[in-house]
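Note that chain A is present in both complexes that follow, paired respectively with chain B and with chain C.
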Partner chain A sequence: MLRYAALRLVLAVPTLAGVLLLVSLLLQLVPGDPVDVMLGEGAATVDREQLRHAMGLDRPAWRQLADFVAGAAHGDLGRSIAAGEPVATLLAQRYPATLELTGAALLVALLIALPLGCAAAIRPGSPADRTSLVLATLETALPTFCLGPLLILVFAVELPWLPVSGRDGASSVVLPALTLGFGMSAVLARQLRVALAAALRLDCVRTARAKGARPWRAMLLHALPNAATATTTVLGLQLGGLLAGAVVTETIFAWPGIGRLLVQAIGARDYPLVQGCVLAVASSYVAVNLLTDLLQALVDPRLRERA
Partner chain B sequence: MNATAVGPATRVGARRVMHSRRAIVGGALLLLIAMLALLAPVVAPADPLRQDLPHQLERPSRAHPLGTDRLGRDVLARLLYGARLSLAVGTAAIAGALAVGVVAGTLAGYGGRVGDELLMRATDVLLAFPGILLAIALAAVLGPSARNVVIALTVMGWPAYARLVRAEIRAAAARESTRAAEALGATPLRIAVKHLLPSARPAIVVQATFGVAGAIVAEASLSFLGLGPPPPTPSWGAMLAEGRSFLLIAPHLVIAPAAALGLTVLAIQLLGDGLRGDRADTTS
Partner chain C sequence: MVGLDATPNSLDPRTASDASAVAILDLVHRGLTRPGADGDPLPDLAESWATPDPVTYRFRLSPARFQDGSPVTADDVVATYASLARPAFQAARRDGLELVSDVVAEDARVVRITLREPSATFLGATRLAVLPAGCAQQPDCRIGAGPFRLDRVELDAVDIAAAPTAEPAPALPGIRFVISTDSVARALGLARGSIDLVQNAVEPDLLPWLEGAGLDVLSTPGSTFHYLGINLRRPELADRRVRQAIAHSIDRAAIVRWLLGGRARLANGLFPPEHWSHADVADLAYDPARARALLAEVGGGAIRVSLKTSSVELRRRIGEVIGAMLGEVGIAVDVRPLEWASLYGDVRRGAFDLFALAWFGVQEPDHYFTMLHSTMQPPRGSNRGGFADAEVDALTVAARAPIPRAERRALYGRVAEVVDRDVPYVPLWWSDNVVVKSRRLTGFVPSPVGDLRSLAATRWITPTSERS
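Up next, the complex of A and B:
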């Protein structure tokens, strides 16, 4: 297991390096002079030179890249121009909120997907199966920025049960988590249905049934563990979607996480902070996928042997 | 994976569409939306940019079938003109992603090991950015405009097509007919164009159809975040963002663009389902 873990860790390094390189290149893509864009045309020459020097824009491009990568390796992502604080500090302040939201959204998705996927796998073509299909279509047709305002309209305006926005107490996470989690529940349910349908045909499940286990018992104790591997992969990939979807959802609900920070940074043309936010979300995604792989190997010894 | 990937190339296209009820419904709906978008200058009840401040935030009425927005502009007119933007940007972005993806995927799948390794590592890095994040980052630094949205979505979209084309091409390259063409001395370019790409076409067509729906949603997301074409250009995403502030007094400002977006995406999905084969959805 240790060898497998080490291998997976090493394989993630070039990906992460590529992500870092791409994020550092973002600043080069700003049309014209980034300093002009950030400070405005009317800024004093002294201020402009000072910012240019502080951001290292007076150095050659390759030096800027090297410095950015070296700094990032030490947890130094530069300073936010609007807030004047280190980018890393701002990210650390906002990260827990995003973590809370994605965690709650994942819970919502699982609460919808698990029963639906199981029911659909037991009886293909049943109402549960068709529901999961309709849900899958609905999810794409109703992206977060449509669903969010509609949920606010129903549950915060017409029926004043839940807060409209902000992060204040447990009830405030419900609507954002529903908005975000709904978007991935059907994909998860469909995936689970396919994996479970295959697992239900395994010998161990038939044996359990032959020995008198009830359908639900055979499903939960024998088929589900076998369907878990494929479903976990999808879950890992979807979690990345959640992280990116959080950008829009946090904006809708004024949720003080990384996504909202990113949108605010974009509005303020605070490019170092934009880079920091993008890097934080992308590296979280790489980390989640790495963890998914390791978790699977821990659960399923067959994966370790193959590596 | 899906039915078309193993079916013969001719099964996709006009004939399959005519055999699937879903595809007919989806295609007809999409055609209707496209016609309305195209004819927006004729069918729109008003100029989408004309402000009428005394009549702001009005509920739907005979003069304004979907009401008016915060500046008294006709919501239906803005919706129709917004459809032009959505469809144009969605199609352009997928055309761009397809162009880059097909060339890259062909090179990777049939062009030798070094190119394959390089291209696949490049897609690895791009795919390490979750969801729409890369497009947000690109649109943010490039500046808000329809052209930059297309660029951002192209960069975000091509790796998936490159991977798909590469897989299809590799499968086709191993076939007897390809071996025979090679033995007869056909140039690699000729083989790629005449033998490999045609067999990849069905999978590409299906993927690209769903891709347009994804790109339309992505464009709306970017516009929602203020990264689309700047105001007063009518765009569904921007209309949703603006309407949010008036949820209490004018909910139609949110419901109308949400419904338009939902219907368009639904139409494309039905068409895509039909192209893929109605029964294939059990494996996706």
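Up next, the complex of A and C:
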């Protein structure tokens, strides 16, 4: 198990390097120049050249990336071009907001998906199953840029219970978390239903039922752990995506998370900041997937033996 | 609570360049002068100035104090201008100040600035914020002489508080600027009352709804100049008649009415009528028949061009409408919405046929030099289309000299006539400054140049029946 985890960690290094290389190259390929964006119209050419030199932007692109990687290996992510602050500081400011939103959205998603998925699986074709399908369709059909403003309109404007946007106190996380969690729960509930339906046909469940266990008990104790493997995989992927920053939701709710920082950095062609964000995002993704796999191995003894 | 659409990148007036930072810093700082609507600088910290000879300016300071309590003296002005030469301010906006050779304090209240050669653009640049001498030495100076002082800077929020040193004292005890990145959420914030004022950052479509929700929508004629840039290096666009046809095929009145909610004035040049250099040239009116006739005259078959525009929803829609209008007269347009950095990058590289952009905050007609002089193609200047005309070159150079205003006016009038004939770009409209604000905020007057300085004279009325 430990060897497996160590192997995965080692394999994460080329993954991160690949992502970083790809993103940096793509960003250098698209038009746009950080100095032009920063100075805007009208600054004299001399200023531009001086600035470009002072920021090391006159070095070749591969050199800039190599320097960034060398710095990153020593824990120095460089300085943001637009803000002038260390990239690490900016990431440290934003990451807690992303974690908070991700955690809250996960909670919302689980609270909706678990009962819905279980109820749907226990009697396929029942009203509960149909309701879950309708809800899931609705959730998928309502993109966040539509659901977000709708929730604001209802719960912040018509009923002034919650703040419209910003991150100011615990109440401000509710609407963005609902927006994100709602969308997540659709896929999750349907996935859970399929996995549970399959698990309910397993011998162990039939045995438990034959021994007199109630349907709910048989499901929670015997079918759910069997269905967990597939569901946690989906959950892990979704969670990884959230940690990468829910750009649209963060923009609607002016949530100061990593997603908005990344978009802002791309918009300003702030190469060091983009690289820092990508590194943080990719690391979170790799970490969450690793944790998911380890969790699965804990839940499912069969995986443990194979590993 | 004022809503801004983007996070300011710097709060030092010497390095700040984005609109959010400028909106905040206008309230925190004062310069020797401030921009006026007609293009003439108005007195600010300097109560008066004299120009004994064309390269010497003598400013007399009015009595004022910085937010740290110290008086504004000539030494502070000297230190501020000197600090621009330091490497820490390589990004500093020195436009118009390149020719300054010497800044001297004659006494505590008189500053003499000497230029290397006469410049018509220098005075406009003295809007630069004056900082206390000690503070000006540091890279991130946040003390100014404005009515509000920077109080707290948080992630996505900036608080300013009334400065006790300000004369007269502002009526509001403080203002919180919040960043609200989504235009719908900004409008909802206004409706809810969590944002009290937003300037030029609400989609025109939402204005009637906000008015219905009990908010004040104020607009004043603005000077932001929207135009269609044309690449004259493209063979199909090199003929003047094709460009005239493009101008005649765009029904600007319809766009202003239906997409901008009527909140813009049709432009016939860079500067609006209230500006001193405005020239009353013929409007390139909507006339599709004439456009077709011009194209038929040119011949040479179908014209296909691309139009690069911002991916911001409203700009994209305007781009599509212009594309469709050009399609009507037989110019096939491929509309390409791009995010800002790509658009700006392509425009500066000359990688475009047509582009839609706007100039804002331009007060000095010397801008024609940057836009049209044949040597001012990027990266040096903003002549993106590659326009080259010996007469315009001579006119824009002649008008840079410190000659009487009437003469400069005549020169720029002639430039406007050439532009009207040769159409190196198509003037579209000057957009209004639109402010949406809470009814409880009284006394706010939208500025024609788009600043929020009027907030210093704004009051907050609390209804007596307000719920606790």
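By our rule, the second predicted complex is superposed on the first by the 264 of 307 C-alpha atoms of A that agree within 3 Å, B and C clash if a C-alpha of one lies under 4 Å from a C-alpha of the other, contacts with A are read in each partner's own complex, and residues count from 1 in each chain.
Assume a residue touches a chain if its C-beta (ideal position, glycine included) is under 8 Å from a C-beta of that chain, and two chains touch if they have at least 3 such contacts.
Remember, predicted model here, so these are calculated numbers, not experimental data.
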| item | value |
| --- | --- |
| Chain B versus chain C as contact partner of A:Leu133, first or second or both or neither | first |
| Contacts of A:Leu99 with chain B and chain C, given as first, second, both or neither | neither |
| Touching partner for A:Ala83 - first (chain B), second (chain C), both, neither | second |
| Contacts of A:Val157 with chain B and chain C, given as first, second, both or neither | both |
| Which superposed partner A:Ile252 touches (first chain B, second chain C, both, neither) | both |
| Touched partner set for A:Ala141, first chain B, second chain C, both or neither | first |
| Which of chain B and chain C A:Ala198 touches, first, second, both or neither | neither |
| First (chain B), second (chain C), both or neither touched by A:Ala66 | neither |
| First, second, both or neither for A:Leu243, with chain B first and chain C second | first |
| Shared chain A surface residues [contacts with chain B and with chain C] | 30-31, 149, 152-153, 157, 251-252, 266-267 |
| Residues on chain A engaged by chain B in the complex (per definition of touch) | 14-16, 18-19, 21-23, 26-27, 29-31, 124, 133, 137, 140-146, 149-150, 152-153, 157, 190, 194, 240-241, 243-245, 247-248, 251-252, 262-263, 266-267, 271, 274, 278, 281-282, 285-286 |
| Of all residues in chain C, those that touch chain A in their complex | 7, 9-10, 17-18, 87, 90-95, 98, 155-157, 178-182, 184-185, 188-189, 191-195, 339-342, 344-346, 348-349, 351, 359, 370, 379-380, 382 |
| Chain A partner contacts - residues on chain B that touch it in the complex | 121-122, 124-126, 128-133, 136-138, 140-143, 213-214, 217, 220-221, 224-227, 237, 240-241, 243-244, 247-248, 251, 254-255, 257-258, 261-263, 265-266, 269, 281-284 |
| Complex contact set, residues of chain A against chain C | 30-33, 36-45, 47-48, 50-51, 54, 82-84, 93-94, 148-149, 152-153, 156-157, 160, 163-167, 250-254, 256, 260, 264, 266-269 |
